[in-house]
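Before I ask anything, here is the structure I am working with.
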Amino acid sequence: MQTVQIASLGQGSFASPIHQIGAVEAPFKSDSEDRILYANSLKGLHSPDEAMTFEEAGPRENLFFDPAKTTVGIVTCGGLCPGLNDIIRGIVNQCHRQYGITRVYGFRYGYEGLVQRYGHTPLILRPESVSQIHTFGGTILGSSRGQQPVAEMVDTLEDMNIDILFVIGGDGTLRGASALVEEISRRGLKKAVVGIPKTIDNDIMYLDKCFGFETAFAEAVNAVKCAYTEACGAVNGVGLLKLMGRDSGFIACFAALAGSNVDYVLIPEVPFTLEGTGGLLESLRYRLAKRGQAVIVVAEGAGQDLLQTDGGTDASGNKRYGDIGLFLKDQINAFFKSRRMEVNLKYIDPSYIVRSVPANAQDNVYCSRLAQAAVHAAMAGKTDMLVGRWHGAFIHLPLQMVTCGRRKVDPNSELWHAVLESTGQPARWG
Amino acid sequence: MQTVQIASLGQGSFASPIHQIGAVEAPFKSDSEDRILYANSLKGLHSPDEAMTFEEAGPRENLFFDPAKTTVGIVTCGGLCPGLNDIIRGIVNQCHRQYGITRVYGFRYGYEGLVQRYGHTPLILRPESVSQIHTFGGTILGSSRGQQPVAEMVDTLEDMNIDILFVIGGDGTLRGASALVEEISRRGLKKAVVGIPKTIDNDIMYLDKCFGFETAFAEAVNAVKCAYTEACGAVNGVGLLKLMGRDSGFIACFAALAGSNVDYVLIPEVPFTLEGTGGLLESLRYRLAKRGQAVIVVAEGAGQDLLQTDGGTDASGNKRYGDIGLFLKDQINAFFKSRRMEVNLKYIDPSYIVRSVPANAQDNVYCSRLAQAAVHAAMAGKTDMLVGRWHGAFIHLPLQMVTCGRRKVDPNSELWHAVLESTGQPARWG
Amino acid sequence: MQTVQIASLGQGSFASPIHQIGAVEAPFKSDSEDRILYANSLKGLHSPDEAMTFEEAGPRENLFFDPAKTTVGIVTCGGLCPGLNDIIRGIVNQCHRQYGITRVYGFRYGYEGLVQRYGHTPLILRPESVSQIHTFGGTILGSSRGQQPVAEMVDTLEDMNIDILFVIGGDGTLRGASALVEEISRRGLKKAVVGIPKTIDNDIMYLDKCFGFETAFAEAVNAVKCAYTEACGAVNGVGLLKLMGRDSGFIACFAALAGSNVDYVLIPEVPFTLEGTGGLLESLRYRLAKRGQAVIVVAEGAGQDLLQTDGGTDASGNKRYGDIGLFLKDQINAFFKSRRMEVNLKYIDPSYIVRSVPANAQDNVYCSRLAQAAVHAAMAGKTDMLVGRWHGAFIHLPLQMVTCGRRKVDPNSELWHAVLESTGQPARWG
Amino acid sequence: MQTVQIASLGQGSFASPIHQIGAVEAPFKSDSEDRILYANSLKGLHSPDEAMTFEEAGPRENLFFDPAKTTVGIVTCGGLCPGLNDIIRGIVNQCHRQYGITRVYGFRYGYEGLVQRYGHTPLILRPESVSQIHTFGGTILGSSRGQQPVAEMVDTLEDMNIDILFVIGGDGTLRGASALVEEISRRGLKKAVVGIPKTIDNDIMYLDKCFGFETAFAEAVNAVKCAYTEACGAVNGVGLLKLMGRDSGFIACFAALAGSNVDYVLIPEVPFTLEGTGGLLESLRYRLAKRGQAVIVVAEGAGQDLLQTDGGTDASGNKRYGDIGLFLKDQINAFFKSRRMEVNLKYIDPSYIVRSVPANAQDNVYCSRLAQAAVHAAMAGKTDMLVGRWHGAFIHLPLQMVTCGRRKVDPNSELWHAVLESTGQPARWG
C-alpha cells in the first residue's frame, strides 16, 4: 500500500479567484497534507507510514490554467443515469461563477461529438441555459456508446482550443479518457482530462457511491411495491422484478432492504440453482404455500451460468447478457405447470424508467459537489484522474486505479447479511 | 329512446337511518323525479317526451333491506386497477357508518371466493381494518379471472345469508353478475347484486369515466416522460411505449395530451399501416430527420390486423392479443437496419406499474362517492345494475346496458383531433 | 331561461387551416346547431324551447382573423394557480401549429405589463421556448393584482397591433377584461378579448371545474396526511389545517373526502359556532376523548362572522379576511387550557405550497384543451367571453355571466352530505 | 484521544442464533478487533496507538440475554421525524426474526408511557402488525416531550420484566436514558438501555447523519421550489422559507444546494446583520434590482441575537426561540415600504409538513440497518450507548459522548463554502 499519486500537467502559477470570495477562509487543499485514509478501521490500517491515502478534492491556491483564457468541454457517454444533467449544470455554474470561465462547450452524443465527421455541433453552455436542466432526466447533450478514433478526438480538442475535457461515463468511457490523455501527452499538449464516473450499478472501486445510485434504487423501490401489489392480488401471485446490476447487485440489495417485502434477491455475486430440493423453484413453492405470494428481485447479471448464451458484446464492449428475467419467468411457469399448480407470475422490467428519471434531492446535492470538485481539480492541472467520495470526503483517484476492477457485494458483508435477514431466503442454494 | 329502468327487489318498507343525520335536509332521490338526461346537447335531445334519462343515484327514503339484519358481501374480479381498495373501503364505511350494517364480508380472489371448494375463507371487514387500505394499490381481497359455477356461488350466498353482493369487475365479471341475478331470481330469493364497473381502459358505455382511469393515465405520463428522455439521449432515439387499451385508446390519448412530447399515438380505433410512403416507418424516418428523436405511444390493442396471430382467449374470455409493442420494436429496428441507419429504440412496457399504483386524490374522491352510491342503491333494493357517473351526476344503469358494448375513441371527436394537433401525426395512414 | 349569446367581432371570412389536417373530418362546430344544455336533469329542463343552452367550443369553419396577419397577446393576473404555464403553452402551440400564427407576445406581471410606463418588456413566445414550462409551477410571465388604466392598456394593444388578447385571471381580472372590451369597442377597433377563468377555489358559475383545482386539492391531501400524522403523534393531538376557499369550500371538501381522516370541515357556506354544548369546542373535546386525536380542515373564508375584523380590501379589490386559522388555534388552546386539559395542536397553512406546484396530469390535459378552445374561439371573432367546460363539453360563456356570481358548496347537495358522512361532524352547530 | 469504551452488563453466555442462518459466514464483530477510526485523514490521525476508535456495530457471537426469555420495550420521544416507524418496525422484525424474541412492547406517548399513572397501555408489537407502518409518517406509538420521574419509569420496567429498552429521541431524551441507566444500576438490575438518536437537524456529534435527515431535506427542497415559484410570479418577488435547524443549519444548507435557486441561506452558525450597506436588507435590494426575485432560506435558530426575546423553555427543556421567519418578513416589508418600493414577499413555514412525511427509500434502508445494529448491541449486553454510522460503518457510542455537544455547520468547511458558491451571498455580513 502506498500514497496514491495523481498526474499533473505542471506547477500552478495562477492565483485562484476563490480568494476573492471574502472574509471566510478559502478552504484550499494541499496535495500533500490533505490526505484521506483508505482504511476506516484499524484492521485496514497496517503501519501508519504505509497507509494508503488519497488526495482530498477541493480548491487549490495555485491554478495551472489561467481562468481568463480557459476553454472547457463536457461529454456524456454510455447509458442514461440520473444526475447527468446535474453534473453538466454543476460544471457550467462552477466554471462561470467561481472561475469566471466563459467558454464551456457541451459535445453532443458521447465521443461521437468529438469526431467532426459525425457533424454534431457542440452546444455553448451558459448558466442561464442550464439553470433548470436538473429537473429533467437523461442528458441534454445526448450520449452514445463505444469508443471513437483517439486521434480525431484530440484533433477536435486542438481545433477548438479545449483546455479541459470533463468526461462523464462508465468503465469503457474512462478507459477511452485514458487513451485521450496518452495521445494528448504524446503530442506534448497541456490539456486536462478529468472523469466523473457514471455507473448506475454503483460498482466503482474506492467510492462510497456513484451519482445516480440514490435515485435509481429509490425508483426501483416503487417497482418493488408494484411487484408486491401484483403478487398479493392473485392466488399464488409471484412478482418478478428485473433490476440493473450487470456485475454488482447493489440496486437489487438496496431496493429490497428499503421495502422489506421481498422474498428473494438474486445477484451476480451469489450464484443460485433452480433445480433440486435446495433450489429456487422448490423454495418458491414452499414460500407460496406458506405466505400465498412471493416477490423475486433479480439483477440482470445474476444467474448467467444458467443461461448458456453467448450474446457477444455491445458497442461499449460490454458482454451481452442473456435475459435472466424472461428465463426465470419461463422456468417458474414451467415448473408449476408441470406440477399442475396455478401460479400467477407478473414480470416487471422497469430498467428504462429507473435510469431516466430526474435525480432526487440526494443526488442533486451529490452531483453539485462532485462537479465543483471536478472543476477545482482540472483548474489545478490534475489530469488522467477522476473525482469521487470516500468515507464522506471528496477525493481524487487515478483513472487506471478505478477501471481495473469493480466494486461488488461481498457475500460475507453486513449488507448481504442484512438482505438475508430481510428476505429470509437461503444463504446457500442447492 | 326511452327512460332507462332499473330492476328492483320490491317496495322499500324500512325508513332510511339517514334521516337522523340532523338538520340538513337529507338529499333523498326519487326514481321518477330525479332523472339525468343522456343528452347534453340539443342534437342528442330529440323530443323531450322521448328523452333517454337515467335514475339519479343517492339515498332513498325507503329501504328494501332492514339495516339491522342485512349481510353484505364484496368481491373484486379481473386485473388490478387503481382504486379497488378505495371502493372496498368506501362500501365498508358506508355500510357501517351510514346504515349501521355490521356484517360485511370480503370474498377472496374473485369469483373463486364464492365457490366453497376453493377453500378461500372470506374476510370480515370493519372500518378499523380498512382505514388505511386506500394508500395501497391492488386489492386486499385478491382477485382472479374467469367465471365460476353460478349455482355454487348462489349456494354460498344462501349459506352465508348474504343479502347484498357488490361485484367489482369488468365486462366478463358483470356478465357473471347478471348470471347470478338470474339464478337468484330463479330460486325466488331476495338478494341484490350491484356492480361497480372496473376497466382501466375507461371503455364503459354511458359513463363519464371509470374509477382508476385518472390514476392510470397520470402514471402513464411518467412513463411517457421516460420514453422522451430516452429518445433525447441518443442519436435517432426512439422511445416506444406500450400502454393499456385493448379496444379503446383512452389511456394512450390522455397520456399523450398531458405531456405533448409524443409524436405518434396508435390506438385500436384508428388502423395504421407500416409500409409505404404514407406508413408509420417512412413517417418516423422523416420525423427523426427533422427532430432527432421520436416518441411512439401504442395501445396494446392497436394494429392487431398487422400481427396475424391467433392467441386464443384468456381465463376471462378475452381474446389474447399479439404483442404489438414487441412487433413494432422489431419492425422499426429492421426497417432502419435495412436502410443502414442507426436508430436507438428503447421499448418500455409499464403496464403492471400503471395498474398497481395506489389511487390518486382524484380517484380517492371518485371511488368514495361511487361506493356511497352503490350502498344507497343496494339498500333500496336495486339489483342487476351498476353505479356510475354521467355528466357529473351519479346514476344507475342496468348491467345489460353496459356489457353489450364498449366506449371507444371516436376518430371524428375533438379528443382525437386534439391528439392529432398535439402529435402532428398523419390523420390518415398509407 | 334562454339561449346564451356570445359577442362577435363580425362575420368570419377566412377559411380555417384546420381543413388541411387531412382525411379525418374536421370537427367544426356551428354556433347555432352545436349547443350544450345547461340542464342535465329533467328537473332543470322546463320546456325544450326555453332550454338554456351554451355555444359549444371548437374550431369554426370560417375565421374572423387572417392567421397570416394575426398578432396575439397573453396576460396572467392575480394569485398563482397550478396550470398557468400549461395554458400559456397551449395557446402558443395552438397559434403556431394549428393556425400558423407566429407573433405571440406574453405580457409580464399581469395588467402592469399592458401599461407601458411600468417598463415590463413583453416576451416573444414560441413553441420551443415554452416546450417544457408546464413542468414548472407559477407563471413564466409573472403576475400582479389589481386593475390598471384601461385607456393605457388599449393604447398598448393598438401600438403593438395585438388582435387577440387572452386574459387568464379571476373575477376582478375578468371584469377588467370587460372594461377592455368596452374601450376597444368605443374606439371602433376589431380586437378580440377572450378569458380563461382562473380560480383555485373552483367557484366559477356554469363550469364543471376550474383549471388547477385537481392539482390543488391533490396537493392539499398531502397536507391533510401531515395534519393527521401530527395529530396521531401526541396525546390529544389536533391537526389544524387552513386551506384556500374565500367564499367556496370546494378544496376543503375534496381534500377531506380524498383521505377520510378528517373530523371537521369548516367552510364559508356553512356557519359554525365555537361556544356552547353544540359548538365546535365541546364537539372537539368529545371527539378527542373518543378517538385520541382530531383533524380540522378550515377554509380561509369560513367563520368570518366570528372574527369581527375589518381588514379592508387588497389590490384586486377582494375583501381582506381575518385569519380564521390562527383564530381557531388560539381559541382551541385557550379552551383546553381553561379546562386544564393537555392538547397538542399543530397548525399548518400550506396555501403557498398548494398553489405553486406544477399542474398534475389531469390539469395538463384540461389546460391544453381549454387553450385550444380559447384560440379557436378568438380566431372565429368571439370576444367578451371565456371558455370553460360544462357536463364534459367545452363551451363559450359571456364574461358578464360569470363575474356576476360565484359557485358555492350547496349545504343540501350530495357533496356536502358526503362530507358529513365522511367526517361524522354535526350537520347543525350550536 | 483514546479508544472509546462502551458500557456492558456483563459477559455474554448465550450463543447467537445467527449461527443458524446457514452457510454464509456470520459476520460477527469483535469489540476489540473491529474498531472504526474516528479520523478519516492523516491530519486527524496523530499517533496510531492513540487513534480514537469506535466499536463497530453488528452481531456478537455471545449474547448476554437469552433470546428465549428476553422482553423488549420501545419508546419514541420528542418531535416527529421521518423514519420513526421504520426504526420501530426494524427492531420488531429483528427481535422476532433473527433472535426469536416474541415479547416486544411499544410504550405509548414517549416517557409518559413508562409512567403507569398516565394510563397509557403499551402495545404488543409483532411483525404482522408493523409490516406496513414504514409507509406512514410519524410514530405509531405516539410521542411526548419532557422527562418523567426516573424511579417510576424503572418501576414499570421491573413490573413488566423489560430486559431491553430502546429509546428513540433527541438530546433531552438521551439524557433521560442515561438517568434510567443510573437508576437501573443503582438497583443492581441487569437491563440494557440502548438509544437511537433522533434529530431532524442532523446535529449529533460523531455521526455521518441522523435518520430522517435525507427525507427531511428532500421534502424541504419541494418547499424551496414553491418559494422560488412564488418569487418569480410577482414583481420584486421574495420567497422566504423557514426551515428546521435550532442550532445547526444542515437542512437549510442541503435544501439550498439541491436546488440552487436560493439567494440567501441564514443559519445559526453564521451571524448576519440586517442594517447597513453590508446587511441583508441592502443586499436583498441589490439582488432584486439585478434578478427581479430572490429566495431566502432561514433556519429557525438563525439570527436569534436580532430578536431580543426570552421565550423560556419548552417541555423538553429546549430554549424557546423567537420566530425569525415572521421577524424577517416584517423587517423586509418595512424596509421596502420605507423606501416606497413594491415588494411581494411570500412567507412559507413547511416545518410540520417536512417532519411528518414518511421516510424515503434512503431512510428506509438506513433505519432498517440502524435498528438491526441496535438489537445486536442490546442482545450482547451493551447499555448506556447508542448506535450510529461513521464514515460508512455502523458503530457504538456512549450516550454521554453524544449528549455533551452538537454537530454544527463549520463556516470554514467545504459544505458552507459550497453554499456560498451556490447562493452568491456575502461571506461576511455588515
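First chain written, first letter: the chains are A, B, C and D, and each begins at residue 1.
Everything below uses one rule, namely that a contact is a pair of C-beta atoms (placed from the backbone, for glycine too) under 8 Å apart; a residue touches a chain by one contact, two chains touch by 3 or more.
Note that the structure is predicted; figures quoted are calculated from it, not measured.
When you average the Cα atoms of each chain and compare centres, the chain farthest from subunit B turns out to be D.
Interface comparison, A-C versus B-C: the pair with the greater number of contacting C-beta pairs is B-C. Look at where the CA atoms of subunit B average out and do the same for subunit C: the two points lie 29 Å apart.
Rounded to whole angstrom, the centroid-to-centroid distance between subunit C and subunit D, based on C-alpha atoms, equals 41 Å. If you average the Cα atoms of subunit A and of subunit C, the two centres end up 45 Å apart. For subunit B, residues touching at least two other chains, in rising order: 136. Contact residues on subunit A toward subunit B in their complex (touch as defined above): 80, 109, 112, 120, 136-140, 142-144, 222-223, 225-227, 229-230, 232-235, 237, 346-350, 352-353, 356-357. Those residues of subunit D whose C-beta lies close enough to touch subunit A in the complex are 21-27, 33-37, 39-43, 45, 47-48, 51, 53, 56, 58, 89, 93-94, 97-98, 131, 134, 208, 214, 217-218, 221, 254-255, 257-261, 360-362, 364-365, 368-369, 372, 391-394, 411-414, 416-418, 420-422, 424, 426-428. Across the complex, subunit D is touched by residues 132, 135-136 of subunit B.
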